[in-house]
Amino acid sequence: MSILTTLQLLPLIGAIVIAVLPVGNAKLIKQTALGFSLLVTIVSIVMAFGFKTSESALQFTETRSWISAFNINYAVGIDGMALALILMTTILVPIVFLAGWNESENGRWSVKVFYILLLILETMMIGVFAATDVFLFYVIFEAMLLPVYFLIGGYGVGERAAAAMKFLLYSLFGGLLMLAAVIGLYIISTNQGGGTFDIAKLSELRIDSATQNWLFLGFFIAFAIKAPLWPFHTWLPTAAKSATAGTSTLLLGVLDKVGTYGMIRFCMSFFPDATKTFTPAIITLAVISILYGAFLAIGQKDINSLIAFTSISHFGFITLGIFALTSQGLTGAIFYMVNHGFSTAALFLTAGWMIKRRGSSQIADFGGLQRVTPILAWSFFLAGMSALALPGLSSFVSEFLVLLGSFAKYPVAAILGTTGIILAALYVLLAVQRSLHGETPATSSGIPDLNLREKIAIAPVIAVLVVLGFYPKPVLNVINPTTQTVMTHAGVSDPVAKVAK
Amino acid sequence: MDIANYIYLSALLFTIGAIGVVVRRNAIVVFMCVELMLNAANLAFVTFSRVHGNLSGQVASFFTMVVAACEVVVGLAIIVTIYRSRRSASVDDASLLKR
Amino acid sequence: MLTAPKLDYALLAPILIILGAALLGVLVEAFVKQSLRARLQLAIALTGIIIAFEQLYRIRNQGTSIAAVTSVSIDGAGIFMQGAILIFAFLGILIIADHDHFAPQASALPGSAEEVSALESGKQQTEVFPLTLFAVSGMMLFPIATDFITLFVALEVLSLPLYLMAGLSRRRRLLSQEAALKYFLLGAYSSAFFLFGAALLYGYSGSLSLNGLTDAIHGSGGNDVFLLLGIVFLSVGLLFKVGAVPFHNWTPDVYQGAPTPITGFMAAATKAAAFGATLRIFYVGLDAAQISWKPAIAAVAVITMLVGAIAAISQRDVKRMLAYSSIAHAGFLLTAVVSLNKSALGATLFYLVAYGLATIGAFGIVTLVRDSAGEVTDINRWVGLGKKSPLVASVFSLFLLSFAGIPLTSGFVGKFAIFSAAYESGNIYLVVAGVLSSAIAVFFYLRLILMLFFADATNDSVSVVIPSILTRIAISITAIATIILGVAPSLLFNVAQNFAYFLR
Amino acid sequence: MTTSTNLVYLIALPLFSAAALLLLGRIADKWGHIFATLISATVFVIGAIEFFAMQGRTGESRAATQKIFEWISVGTLHVDASLLLDQLSICFVLLISGVGTLIHIYSIAYMSHDHDRRRFFAYLNLFIAAMLLLVLGDSYLNLYVGWEGVGLASYLLIGFWNQKPAYATAAKKAFVANRVGDVGLSLAIMIAFTQFGTVTFAGVKESASGASAGALTAIGAMLLLAAAGKSAQFPLQSWLGDAMAGPTPVSALIHAATMVTAGVYLITRSNFIFDASPMAQLMVVCVGAITLLFGALIGTAKDDIKKALAASTMSQIGYMILATGLGPIGYAFAIMHLLTHGFFKAGMFLGAGSVMHGMNDEVNMRRYGAIGKVMPITAATFGLGYLAILGVPPFAGFYSKDKIIETAFNAGGIKGILLGGATLLGAAITAFYMTRVIVLTFTGTKRWDENAHPHESPFLMWAPMAVLAVGSVASGFLLSSGSALVNWLQPVVNEHHEHHTEEFLPPMVVSVMALVVVAIGVAFAILKYRTVPVVAPQEVSVFTKAARKDLYQDSFNEAVFMRPGQKLTAGLVTTDYKVIDGLVRMVGWVIQTSSTALRAIQNGYVRSYALIMVLGVLALVTAVWLVTL
């Protein structure tokens, strides 16, 4: 059994264990959940140490027949990109547990259900990145919507039911289009000597260009909804507004990454020609997302929807980097996914604490927090700095790589994207100014600063952002081989500098 | 007489039956229209049996008659019950289930 | 000297056993004393079904097309359908056994003294068991019949008891009777079309058998007008039974008016039988003329999916909503008819089982949600059920998710298989239409889940009754099957695939 | 190239100190300021050691590098976290750490009453670290990290008292304006990488000559944009005045002596780009000339002493920028002016801070007057700085500024006359507004508030001022004697004397001209401000009004960027809800409506159902018939 399978099973076992614990003992349930998630983190780190960056092939592979009639397998294996994303996931989950220690208690259902859902979600989040069988990927891709649906609907705030519904409908719509495309791929593989869902085999199919275009769109729209790209984004702010901080973190930090991950893993490797055909259009959408997301973030009054719109802007950057198809762009984009996960986690978690303490998510209701709760304020500030890609924090490295990588091929897009950094400064600093600076209103004066548990939760996130900002090499080394594989497969190479030495 | 005329007659009967179901209100009459359609089919079977010179069609018409008889049993039972409940055999009155 | 036609009784035995049990049931109803009847009927029905199933299992590999001269064809698809119908019948009867749903005396006037006394004395008539078994025998015959006479007889045998059963409800008897009337009149109307179609096809080919029809088409020996009109009229009868648009109008009304256990049984088993016959007719009899009917049936499939999905959205009654859902599923299944390939056949077999089990389970749950006046089917009163009875609400949601085709439920695998068969046959537009209507359909399933879990109940009169042990068994089996078929579909899928063949 | 192992400490020490002070929190309140000051002093010592070590080496080996670790390596992009200490950067290292240390010392006293003094010192150390990274990075990308780092430090320090909304806004404004410049730097790096495949200074320098004029001009223009943002040059100048919201030591260190001169450093560092692109150079001189006059004009009307000094800073940096646009010889003079300006302007800011310290943080010069008597040391040090900025020989400014004026005239042709004229005019206006500051603040009659009890500042405050005053006096002479700085920087900026064009005017003439215009400016100011109303008169010329309004720079930005931007944002928010989400909701509406329509068809009448079936039959017949046609 591959360590990947173990990794997926652990949270599931955790969920089962929690299922048999007494409902009343919330503390025990939480501790068990945290314990299992930490165990997963440890195992994943052990796995990371066993990962050989020198190999470009998939590692820790395992294949078991699942639905033999369609040659569907339980097939897992990871490359650098998947490893990075899985590590991000397994690190974020215990942090989310710790940060939202009490957020399960105001829900519609018990604490128990909350943690069962989250642990099941973790299993799926690991699985979705580990799957090397398109069918398996699809199944998890769709199934993981449900825990989130229940987490938003059951434990969220405000218009949570409507938000959950909107989220699910959007995602399922995209998913169904993708299903059609998955079926198409399978049939084509059947016609070319043996139906398969194996990613590697599927990427060697010969598909005529018209079919490629349609199938590409099937996949791409699903991913564009997931990693919301303008104009498929309107579900995200609603969801982020209603979900708990922890759910939002996992939703935007991990689940949405499946979209951008899918663009690289599936769109590009299955449909190289279609990728070329659609690249200009996608680059345009990406740039629109960057600027549009930023402008809308500036215009938000609710702190969670602000964060959601910043993410739309950031997903624009990631998409731009991916479709620029240069080493820097791709590596930057993949690294961006990881950084965005942590950066968004920091934003949502700190914002969540602020909201919980103040009892409102309207930015205007805050103010002067820096005087009252310096540590909380600092955490939020640093998260904001990460969102605006301040050099020294990891998001800078990725954002810069993305822009650098796309400039060589799409200068106009890169230039427009670069102006996004001004808007980023605006949306972050406006929020910072309104919430942390200024006079402290009477309503905020007595609120407590972060407690030890919250400090422990936020510290690793900030540490990761800072450490990877200064020393991104370990992650970049893991990602680079993936980038090279993708580029080789797509048949592109980096533009050569015009005036080489 | 041209055998085609039997087919025309059969089609005509069937059409009358089909339209009758749409336009008549009394459940019994509606049901009779259905019976008319079945008999139109019988006529067609028998005619075709003649055309093709085999007996299958004739056999089919016997079966149809038997089945039609069964249908009458069930149908009348239902119609009578509903008539007793509602004191009306109009199919338009039975329209509580809708939308 | 004339020899009697040779009948292979071993192969026909499953049907005969069910018929025998049904007849026995009639006798029991007539002669056994009141207090024993109910239990005896149940025992007879279940035993009959089990024995029939066992016999069916024994003959599973003995396919032949001459079991009863040329009237029936015992082949893979036929045997699989029969098995599926038997399973549905078994589960259906477990739920039907809860007498609370049925009028003590169907012939008594609603509200009459007669009825009141029957209610008070607890004198419960149990004709529903033999009726069910008769219907089952018709259903088992329908998918294996290969000539038009047998097809028509089977169609009527399965329909006539159902017409009656629809009117047996203990509560809201007017509605129940109205459902019976509508079902009967429209059903008879559609059978007339079916029969006239059969007559026309006979006129075209000179043969009543599907094989004869195929030969005639290949020889293009007859009048094309008869063939085309025959195909259309025959299809009407079939499309009516499967509940395809525009022959679907009876479905919501009957599903709503009929006693809920009957609705569940009917929705699952009739659909299986009707699709079994439809597939055989189109695959075996009309394959050669596919160029003329394929576009029309494809159009019906698309319209059916869309209408089913769209109309369900504005329904306010759970049973009506499930009815429209069944219409949408009929649309998906019709794509398999158009696909005309082995994968589609296998996919349909799987789909029918998956859908049927979930349907029985879902209607089984509906029987549990009641207030003092009986079942509560108004969706608005289901709001907040997740709070009152999380388990029941969760299981119901599971069925809904399966209907919606969410991965890891049986419904998803079925949908996937059907769509990939459609894609394989080149009907990509059907896949796209299917996917889009699934997206619409997802909305109302999810909205219902949302109402169950995410909203607070407005009144407290609605409660979930503790189900009887039989109902509990039925619902548990269907729920577990829904998950197992979703997670490990190979268990059934490989079987379906092996049985996915027709003998000519 | 020499390899050094000490360079990293220049950055690591203050960075560590900043982090420690911030993380330790209140525990470090007692000793944080001392610790930070010691760290800063240590950095200065290391810098000095490096400087002497460098002097001990010759030629190529003077520059030292240190590779700390591999930072980013993706595809053909390889960027190491490595530092380069050459003749140019050592000037900055000494300036930053030297002036920085003095200001640390000053701040100990200046901030002694502030509850958050520890945090202030943490920010100061953070600034020192970032600024040193900026000047020590061996590639544009490393520089960029420091570049934004100082922006962050500047933001934090301007908004140090962010409980006042206006101050928080000022901080944000500075950051955003800087970000506009950062876009320039980002794009410059991208173009450079696309062109040369590298982003190190050495690599770009090596290949620069081979690039097309267009590419070089583009890089140059983008670098200029970056410089304009950081150095408050036209058109991104508007933030500097507001930045005076920060505590005065910050204004002295960051917004006068060091950070704002980063633009000059950037252009000087990129001399190989600008030297190869006359077009870019022209842009540079234009920006410099416009800003020097712009800043000077604003300075004439400011009553806020810090804002007046800020305007002056803007103007003086305009000189430096202008100088860097004048080709190889200009760089050295720009750096020289930068260094001398660092001394005298920092000194004057500290002086202003000292005055404010004694005047209950009053900044309105119309409320001052006759402070020279009560604060003699402050007045004296300020006065020396004043003389330096005026360019009175032998004070520092004389050496640096005259050289710039001279070089401007020497630019040749009409360009030379225009630039020379601008610099001369600037000198005159500088003389006017600086004299105005002196007159309003230190001489004349008392116009204090009743509660004000001005007194001389404590030793910890005046000592740094005194040291800086010494610099204001002596630095010019020291740096220019025997063209010391010019020769020192020669390897970096490729200055070759033999390429000099004919001198337009002899140096002597230029100096005399400069002194004459300065005298006129001084005289005019003295005459004009013999009496000073406490409340600024409203009946003034349009020019004064314009200058008071910062030449409408904010109004312009508001009208052209801010308000349309706000409208755009509001418009997009509405669009997002009404159009994009609206479309989605419309799909829902259409489906819902069709659903209702379908419900209506289901009317409950059997006969109607039968009719629908008949119609269905007819439709099927038609369909089949059509297909078979």
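Each chain gets a letter, A, B, C and D, in the order it is written, and its residues are counted from 1.
The rule is short, and it goes like this: a contact is a pair of C-beta atoms (placed from the backbone, for glycine too) under 8 Å apart; a residue touches a chain by one contact, two chains touch by 3 or more.
Computed from a predicted structure; not experimentally measured.
S.K.: Please give the intersection of the contact partners of chain A with those of chain B.
M.R.: C, D
S.K.: Quick one: which pair of chains has the most contacts?
M.R.: Answer by contact count: the chains A-D.
S.K.: Which chain's C-alpha centroid is most distant from that of chain C?
M.R.: Of all chains, D has its centre farthest from that of chain C.
S.K.: Which chain lies at the heart of the structure, taking centres as C-alpha averages?
M.R.: A
S.K.: Could you put a whole-Å number on the gap between the CA centroids of chain A and chain D?
M.R.: Between these chains, centre-to-centre, one finds 36 Å.
S.K.: Please report how many Å separate the Cα centroid of chain C from that of chain D, as a whole number.
M.R.: 78
S.K.: Please report how many Å separate the Cα centroid of chain B from that of chain C, as a whole number.
M.R.: Centre separation, chain B to chain C: 25 Å.
S.K.: If you average the CA atoms of chain B and of chain D, how far apart do the two points sit, in angstrom?
M.R.: Once rounded, the distance between the two centres reads 96 Å.
S.K.: Residues of chain A touching 2+ other chains?
M.R.: Nothing qualifies.
S.K.: List, in ascending order, every residue of chain B touching at least 2 other chains.
M.R.: Each of 18, 21, 30, 91, 94-98 in chain B touches at least two other chains.
S.K.: Touching at least two other chains at once: which residues of chain D meet that condition?
M.R.: 599, 602, 604, 606, 610
S.K.: Which pairs of chains touch each other in this structure?
M.R.: Here the touching chain pairs work out to A-C, A-D, B-C, B-D, C-D.
S.K.: Taking the complex as given, what residues does chain D use to touch chain C?
M.R.: My answer: residues 591-592, 594-596, 598-599, 601-602, 604, 606, 608-610, 612-613, 615-617, 619-621, 623-625, 627-628.
S.K.: Chain C touches which residues of chain B in the complex?
M.R.: 7, 10, 14, 17-18, 21, 27, 30-31, 34, 37-38, 40-42, 44-45, 47-49, 51-52, 54, 56-57, 59-60, 63-64, 67, 70-71, 74-75, 77-79, 81-82, 84-86, 91, 94-98
S.K.: Give the list of chain D residues in touch with chain A in this complex.
M.R.: 22, 25, 69-77, 81, 141, 144-145, 147-149, 152, 155, 159, 162-165, 168-169, 171-172, 175-176, 179-180, 182-183, 186-187, 189-191, 193-198, 203, 206-207, 210-212, 215, 568-570, 572-573, 576, 580-581, 584
S.K.: For the complex, which residues does chain A have touching chain D?
M.R.: Touch list, chain A to chain D: 230-231, 233-234, 292, 295-296, 298-300, 326-328, 331-332, 368, 370-371, 374, 378, 385, 390-392, 396-397, 400-401, 403-405, 407-408, 411, 414-415, 418-419, 421-422, 424-426, 429-430, 432-433, 436-440, 470-473, 476, 480, 483, 494-501.
S.K.: Residue numbers of chain B touching chain D in their complex, please.
M.R.: Per the stated touch rule, the residues are 18-19, 21-25, 30, 91-92, 94-99.
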